[in-house]
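Working notes for the structure below.
We just call them A, B and C in the order they show up, numbering each chain from 1.
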Amino acid sequence: MRRYLDYYLTSMRMAILEQFQYRVANYFYMIGMVAEPVIYLVVWSTVAEAQGGEVGGYTPAAFAAYYIVWTLVRNMNIVFTPYGWEGYIQRGQLSAELLKPIHPIHNFLSFFAGWKVVVILFWLPLAAILSLIFKPALDFTWVEVVVFFFAIWGAYLIRTMLLTLLGMITFWTTRVSAIYELFFAFELVLSGRLVPMSLMPVWVQEIADWLPFQWTFGYPIESLVAQLPPAELWGGLGMQALWIGITTVMVAVMWRFGIRRFSAVGN
Amino acid sequence: MKRIFHLTFTFLRIGILNEMQYRVNFFIQLLQSFVALGTGLVGLALVFEHTTDLSGWTRPELLAVMGVHILMGGVIRAAIQPNMQTLANDIQQGTLDYALTKPVDSQVIVSVREFRLWQVVDVVMGFIVLSWAVVELQEGLGVVDALVFAATLVLGGIMIYCFWLMLTTSAFWIIRVYEMINLFEGLYAAGRWPVGIYPLWLRSMLTFLVPVAFAVTVPSEILVGQSSTQTLIGALALTIFLVVLARFVWSLGVRNYSGASA
Amino acid sequence: MATPVIAVNGLSKHFKVPEREAGLKASTRALFKRSHRLVKAVDAISFSIEPGEVVGFLGPNGAGKTTTLKMLSGLLHPTGGQVAVLGYEPKKRDHDYLKQITLVMGNRNQLSWDLPALDSFELYRALYGIERSRFEKLRDDFIELLEVGDLVRKPVRNLSLGERMKVEIIGALLHTPGVLFLDEPTIGLDVTMQRRIRRFIAEYNRRYGATVLLTSHYMADVEALCKRVIVIHHGKILYDGALAGLVEQFSAFKKVSVTLSGPDVDVSGFGEVLERDGSRVTLRIPKAETSRATARLLSELDADDLTVEDPPVEDVIEQVFATEAA
């Protein structure tokens, strides 16, 4: 499938060129986003110090590492918002994509992937500055770096599929705020975005094990900073692959029904 | 003065009538507020799974802070932010003339003309949360304390308004105001927790740069009985200073704008 | 006879449109029982188009033109009837089918907004799997034909409406589709731009033998490009044939222009006066009476100059739609 590879590379290149034009906006956005993890970091470091230096296996330095890497993973998690589907359909963009001899999801995947390349580049200096301020525990091996690299792209894929599923609900109804808000709330708590999952009560962790959320957020971070044993490190990639498979199948099935509905009315 | 109040109420009425047409937004806002409250409570519960107090603040005390934060957030999103966003737009599109050619002080017009009714849900919710916290504290709240609390809330609100006005007025000179608005959201979010827990440099930013400390932490301190007369006097002084400064910056901006437009 | 490229038989598209009256009582009723109205956007139409034909699709807004094009390109599923293009069923959206067609809609942009058109062309090359040297030759050819050499390096957002349309069309044709669906391609453009685009389409059709189905409001488009027109109104085909025949069939009038001896001559008895400019008068006369009227004009009024014309096609079409609506 040379044509697909060619398409992805060309599309990513275009996305990079486009996003570079918006580099200032990109930077401001990334800086604004830093507030959230910094707040979590300070709160939990305070708790850790009050509890004698560590809580849930995390020292303040470990929390710093967690939340700094958090900023990259958070950025990798940003994909086409399900709220955007209504406009995407109404402006005729979906129709335009349907005329092309390629599944529209490849457009999303390739475009945002290119954007992520820019994001990763911009993140490096930001991470350096944050490290100077918060002094994280920097203790990772090269193996972990490699796994981390694959894990963040795995997270990107899973989240793209999940949010595409959400967005496709728009084919049936535009009254979607409630569903989306609830989804994001659960995701916040069960993914490792709010706190490292090991700080959650055990019953919450058990529920989270059945859901894809922690594989989009907590696992990639932990693969780099939490010194996971090899079984968990590589097993995590396996779980990501599993969830990529599951969500892809779900998207494919829902797409068939969604497109049928769309083609009855069209735009 | 009387005219200004009359004008404010007129705009308020119009804003409310407008929003009433979109009753669906009420339910959406209600949902969003509940979800935000839920995640806030989850965060708080998590912290107290692992500790009994956070930098000297107990759970009900932190609940009070959350209540004030939500309440203040509602006020900002209902009355301050919409006006500032419209103002930023006007400055960038050059449509500020409408506001400048009315026989009323321009600063008043651009500050009161917008009102988002459904954000008031947060004001109500914040009030409920802080009332619950006060009940849990079992110390009761004296009338004097309650009045001082209300006063500090008002002062805090005024300070946030001045900050926003100055930030938006910078749009006369700097183009990229929207991104800075994004930064405010992040810094305001920090106000969910008492600013004392933050490292000094961040605490200073949250006190003097974006007066979140005065909008949220200081009133909370009064609620839970931790205030000091010093802080109150400081709050009053800072408010007066900011009001004067904001006015000055605004008139500078307007003069600049009128000169520039052809 | 060669197999038709486009074969449409009894094609229909019905929409169920929810009906709601204003008022509180009606809204409450609507909560319990949704009443619908059936809109027959396309009502059992049939036609077939041979390879290489350039066919004009005429009709007022809401006639069903765009709906038909969308069904032909696979975007809409028909409610009834059969449609086959190049032997494919469009609604299946077979990738091999999509590689052979193109749909261009007049005020919709498909090129990347922030980047020069050349970058978007690269993306199309990768998307359709066009071999590089062939792609470059085609691209440069088209750029030269439409004279957009300097425009393709500018971000698309910096181009004017007409310039944007030109580069959009190039993008749409880089994969040399054999079937072109053009929906109002010249809408909103100035006359020069319209002419350039028309010439380009005609040239493309000549070079590649492509089949073109074109909808337009502008008669000039249709007159310039199409030998055959299909007139559609209220979802039904009113006419399918040569453009010249359209006037013949539908026009009940002729336009007679005559130069008289003076400006005050009374011509009321001869026909409806369309225009009067000094001594020159233009009359609208029923076809059947034309020869008699012209004879009378020449003899009774001492006319200097007399011309008999068919009314402009626009007027004819307008009449057709007006009568159909009534």
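What we mean here is this: a residue touches a chain if its C-beta (ideal position, glycine included) is under 8 Å from a C-beta of that chain, and two chains touch if they have at least 3 such contacts.
Keep in mind it's a predicted model, so treat the numbers as computed, not measured.
**Student:** What chain lies closest to the overall centre, CA atoms only?
**Tutor:** If we average C-alpha coordinates per chain, A lands closest to the whole-structure average.
**Student:** What is the chain whose Cα centre is as far as it gets from that of subunit B?
**Tutor:** So the farthest one, by centre of C-alpha atoms, is C.
**Student:** Counting C-beta pairs in contact, which two chains come out on top?
**Tutor:** Highest contact count belongs to chains A-B.
**Student:** How many angstrom lie between the CA centroids of subunit A and subunit B, rounded to a whole number?
**Tutor:** 31
**Student:** Determine the centre-to-centre distance between subunit A and subunit C, using the mean Cα coordinates as centres, and give it in whole Å.
**Tutor:** From the centre of subunit A to the centre of subunit C is 46 Å.
**Student:** Give, as an integer number of Å, the spacing between the C-alpha centres of subunit C and subunit B.
**Tutor:** Here subunit B and subunit C have centroids separated by 57 Å.
**Student:** State the interface residues of subunit C toward subunit A in the complex, per the touch definition above.
**Tutor:** Against subunit A, the touching part of subunit C is residues 15, 70, 73-77, 91, 93, 95-96, 98-99, 101-103, 105, 108, 110, 112, 114-115, 119-120, 122-123, 125-129.
**Student:** Okay, in this complex, where on subunit A does subunit B touch?
**Tutor:** Residues 24-25, 28-29, 31-36, 38-39, 42-44, 46-47, 50-51, 55-56, 177-178, 181-182, 184-185, 188-189, 194-195, 199-201 of subunit A touch subunit B in their complex.
**Student:** Under the definition above, what is the set of subunit B residues touching subunit A in their complex?
**Tutor:** Per the stated touch rule, the residues are 28, 31-32, 35, 38-39, 42-43, 46-47, 49-51, 53-55, 176, 179-180, 182-183, 185-187, 189-190, 192-193, 197-199, 202.
**Student:** Which bits of subunit A are touching subunit C when the two form their complex?
**Tutor:** On the subunit A side, the touching residues are 3, 6-7, 9-11, 14, 17-18, 21, 92, 95-96, 98-102, 260, 263-266.
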